[in-house]
Amino acid sequence: MAEKSLLVIITESVIEDTIVEEIVALGAKGFTACDARGLGTHGMRTGRWTVGSNVRIEVIGDSSLLERIVAVLQEKYDADYGLLMYTMPVNLRN
Amino acid sequence: MAEKSLLVIITESVIEDTIVEEIVALGAKGFTACDARGLGTHGMRTGRWTVGSNVRIEVIGDSSLLERIVAVLQEKYDADYGLLMYTMPVNLRN
Amino acid sequence: MAEKSLLVIITESVIEDTIVEEIVALGAKGFTACDARGLGTHGMRTGRWTVGSNVRIEVIGDSSLLERIVAVLQEKYDADYGLLMYTMPVNLRN
Amino acid sequence: MSFEPVVLFFLLGVIAGLARSDLKIPSAIYEALSIYLLLAIGLKGGVKLAEYPMATLLLTSLFVVAAGALIPLAAFPALRYLGRMSRADAASIAAHYGSVSVVTFSVAATFLEQHAMAYEGHMIVYLVLLEFPALILGVLLARFGTSEQTRWDRLLREVFFGKSILLLIGGLVIGYIAGPQSIAPLDKFFFDLFKGVLAFFLLEMGLVAASRIADLRRYGAFLVGFAVVVPILSALLGVFLARMLDLSEGGAVLLATLYASASYIAAPTAMRIAVPEANPALSIGASLGVTFPFNIFLGIPLYWWMAERIYAGG
Amino acid sequence: MSFEPVVLFFLLGVIAGLARSDLKIPSAIYEALSIYLLLAIGLKGGVKLAEYPMATLLLTSLFVVAAGALIPLAAFPALRYLGRMSRADAASIAAHYGSVSVVTFSVAATFLEQHAMAYEGHMIVYLVLLEFPALILGVLLARFGTSEQTRWDRLLREVFFGKSILLLIGGLVIGYIAGPQSIAPLDKFFFDLFKGVLAFFLLEMGLVAASRIADLRRYGAFLVGFAVVVPILSALLGVFLARMLDLSEGGAVLLATLYASASYIAAPTAMRIAVPEANPALSIGASLGVTFPFNIFLGIPLYWWMAERIYAGG
Amino acid sequence: MSFEPVVLFFLLGVIAGLARSDLKIPSAIYEALSIYLLLAIGLKGGVKLAEYPMATLLLTSLFVVAAGALIPLAAFPALRYLGRMSRADAASIAAHYGSVSVVTFSVAATFLEQHAMAYEGHMIVYLVLLEFPALILGVLLARFGTSEQTRWDRLLREVFFGKSILLLIGGLVIGYIAGPQSIAPLDKFFFDLFKGVLAFFLLEMGLVAASRIADLRRYGAFLVGFAVVVPILSALLGVFLARMLDLSEGGAVLLATLYASASYIAAPTAMRIAVPEANPALSIGASLGVTFPFNIFLGIPLYWWMAERIYAGG
């Protein structure tokens, strides 16, 4: 039972592959993604058509890794894309 | 890195639009929704056909906002619809 | 507002039904499942075709229940299947 | 009377469901198939609509809708007092049985076509008109004398702009405006494939019906009896009305089937929103788990036989 | 000039969207329909390709692409200086209008077929060739004189291996290699169902367009005017070029429609990746909310009329 | 020997996959297409089943299944001792190659039809019967002499009520009961569209195969050699058996193709459940990444040539 952090990234589906590449390049050993829809400062995103749909990505790792990911994504994508990130401590069980 | 709360609402897809209207009317600035299936006191919901499918909605906000949402949804929908709500503190990162 | 724990299980879709049977047999009163894709020690799982797709299962319950579930799944499925489990405390709101 | 193979796809679905097969029709596909069926039926009706004088159609429609309203009005007290159900449950089930099933109608039409038996093209107008009054009646029955509030705005939007009505009426209007010539290039998609899509849809309905059969045991004999007897009585009403309105024998079979059928697309959603305290497992279990299979396997041949007897006796 | 019913499905979708109906085309279905349409158009063109001498085709293609490039090059300053838009927004919108719409093209082709009006089979080659140069031009316009970096690798992959181009070219090549005889057994799937699938697709486009109409009010009259005037001018260019290249009158209508149409499949994705600081609501609102309906309801008949006048005057 | 264009759709998918295109067939569509193909093949076989005396069919089936069982029994020791694979991996791969591929069979049948070459309608019965014994053999091979427990209940449910077998047998029975006349109205859906749906499906298989090619490099030359040599030897067995059973030359090509093909729908799921310690990347990589393309591009023409030689030599 290891104490780790969980980072949840909600962003536009159109950049899912790019974000995944960044995460892996920064050292994440894994991630989990789901299709999503939602509302935010970029308006309503109904989940229909590629440009109107969101993805919810979870990454579990050490806080230092997650800090690096947060910093890079914030700098490169926050201005131009719908993006929400939050973290919380979790107990990894296997 | 702001301390916020996360509210997760799991309910019936058939009232997704209604719930979203309530949330926004109560002051939420955003939400994220995913299709889901599951089991609870209302029996098995296989995620097939509209009346048998669930939705999982996440709202990030101040605890006071989330308290208000919880109170309203509990009063108006808990008796008649499948509904599960839980909250936890999170660190908003952007 | 009851203090409970949340267990998140990410595993292969092909054993979703089996895992759900285990969870229910161990005493869980409910669960919520979503389709997912991801990367882990078992390689990239693109979410296409049954054998290449993941499921994300949430269970809310007492920590003792969740401990039992974690122990059983770890013993029976961790060696052969893609499996990730983590827990965290949550406030159940209804 | 020969045999209609599409109903075997329903059986196959039931078997798969009971055997807990991993066969699943993805919900996106189910949605697409139902959109297709609703649009195709609407178009078919619309194209034929021009063949009938509008005034006659309006008049007969009035009779069809008024007589159809008797079904939920009679079903409600039966459910409430004989079945000892809660007001909400009785009202919701009554609404399901007052409304109609597009797939049952399609199976009956296929059946008639296979036996080269003619029917009036405007039956589809009755299908559309019967779909919603029962839903409104159901809500009135549920709310009569109670203080519960109804989300009427949501209900009316659901009823009139719910996909079911919207696609049926949309197809009807498009078919009517465009006419047979302009619709012809769409025939290969909307008409030629119809029966195959219906087979696929029945497979999915079998899968879902199988999951409802377990529920039924819990709700008991009364509801199962109700789900067989009410359709037969409703069908009888349909045949007599058809005779009165001078419809063809094929038309009588279809009107009987419409009255006998119970909704499981429009009604469940509308009732879940407007009468949420009703238990959806009861109404869907009865309509999809009992009435639907009863109708497609035994009901339709029975209604045909009824029509033959009553028309011969006329 | 008679009437083409498929556009009514678009209207039905708009009505459903504005009425906030629960009608939804699942995104998996939308994806499948668009793959079908792109492949089918490619195959259709590929089969006909063999009928034309390759050298002529290459030469005329050069003219078609070069003249087509004028559209974004003229649209950009108009948007930037008359419309006072940001460089990125102006460039992105220009790219959308320089590129083409496969569905608009299909509606125009259906329209011609309904009126038994012939057109050159290689129009589809122009469709493919016009799809992407504008996207690259758009990025150049957005970046010219700025220090912003472009993810060129991602953009080029998006442009050349984006599903839109890939399926069009893939279909074209398969159709060309296989030839009419070998493709014949596929006709029932790819050609006979084409118009029905198009109707389904238009329904979904109507639903999405309805959700864009609200956006437009916020962006104002200039953009709406732009979304009507630019297509008409582009169509004029198309008709004159067609005349010059000695295309048939049907070919002129199609080339006009290609120039007049704006992309909403390939361009939004490509621009979102390559020019992310542009607001996608502006470009999609204009192309899907205004230009697309304008083209299918009024534009195509208008371009036909223009072709008739200019060809008669020749 | 002319050319079958559906295989080009597989190539297009591979190119899209290798180029990392954004082209994706949504999994709901993939599921629907596979349900369609399995049902359609079953129906086709069922309709033709009545043409053959049941007793002969039972007898020949026995031979076909018994000879087919030789394939996994010979493959297992080859994988285990020549390939130095773990017991579980060897057993799982053997099961994949003992089972059959519905799509490969369909491509071969299309190929024969294109060349107007007749074959026995009951080949489809062999397809059904060959699908599952190898899966059970695979589990026995994996467990023989080990203490590992098998979830036999889950496996048997998976094998007999897995969607693959269920739809094939379901279609077979429906087609047989209904007969050609009653099935005729379903032809436009299940038979006319078959080849188009197959093309779509091959596109998706190409996309998935592309993602498997990288894996293969890791598993090395032995597995790639195995994935080419075993099909050829199995095909040879098929042709000889066909000759012995007095099947037509077309039937020989199909039986050879069945033996040569490896499963990637039923087997991966069944093995993942029953032999979870086997690495699925190995078996799917070999069957989908090597054997499937080998069969549709080179294998089928080769097996035909083999059949011609052996039948001529008879």
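Read from first to last, the chains carry the letters A, B, C, D, E and F; within each, the first residue is number 1.
We adopt the following convention: contacts are C-beta pairs under 8 Å (C-beta built on N, C-alpha and C of every residue); 3 or more make two chains touch, one makes a residue touch a chain.
Treat the numbers as computed from the prediction; the structure is a model and nothing was measured.
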Reference subunit A; chain at largest CA-centroid distance
D
Between subunit C and subunit B, is it the same set of residue numbers doing the touching on each side, over half shared, or a different set?
different
Of B-D and A-C, the pair with more C-beta contacts is A-C
Among the chains, which has its CA centre at the largest distance from subunit B's?
F
When the C-alpha atoms of subunit E and subunit F are each averaged to a single point, how far apart are the two points in Å?
41
When the centre of a chain is set as the mean of its C-alpha atoms, what distance in Å lies between subunit A and subunit B?
20
Give me the residues of subunit F that touch two or more other chains.
22, 24-29, 188, 193, 269
List, in ascending order, every residue of subunit A touching at least 2 other chains.
34-35, 47, 50, 88
Which residues of subunit A touch subunit B in the complex?
7, 10, 34-41, 47, 54, 56, 70, 73-74, 78, 83-88
Within their complex, state which residues of subunit B touch subunit D.
12, 14-15, 18, 43, 46-53, 79-81
Going by the contact rule set out above, which residues of subunit F touch subunit C in the complex?
24-25, 27, 30, 154, 208, 211, 268-269, 272-273, 276-277, 280-281, 284
List of subunit F residues in touch with subunit E within their complex:
2-6, 8-9, 12, 15-16, 19-29, 110, 113-114, 188, 192-193, 195-197, 199-200, 203
Residue set of subunit B touching subunit A in the complex reads 4, 6, 20, 24, 29-35, 60, 88-94
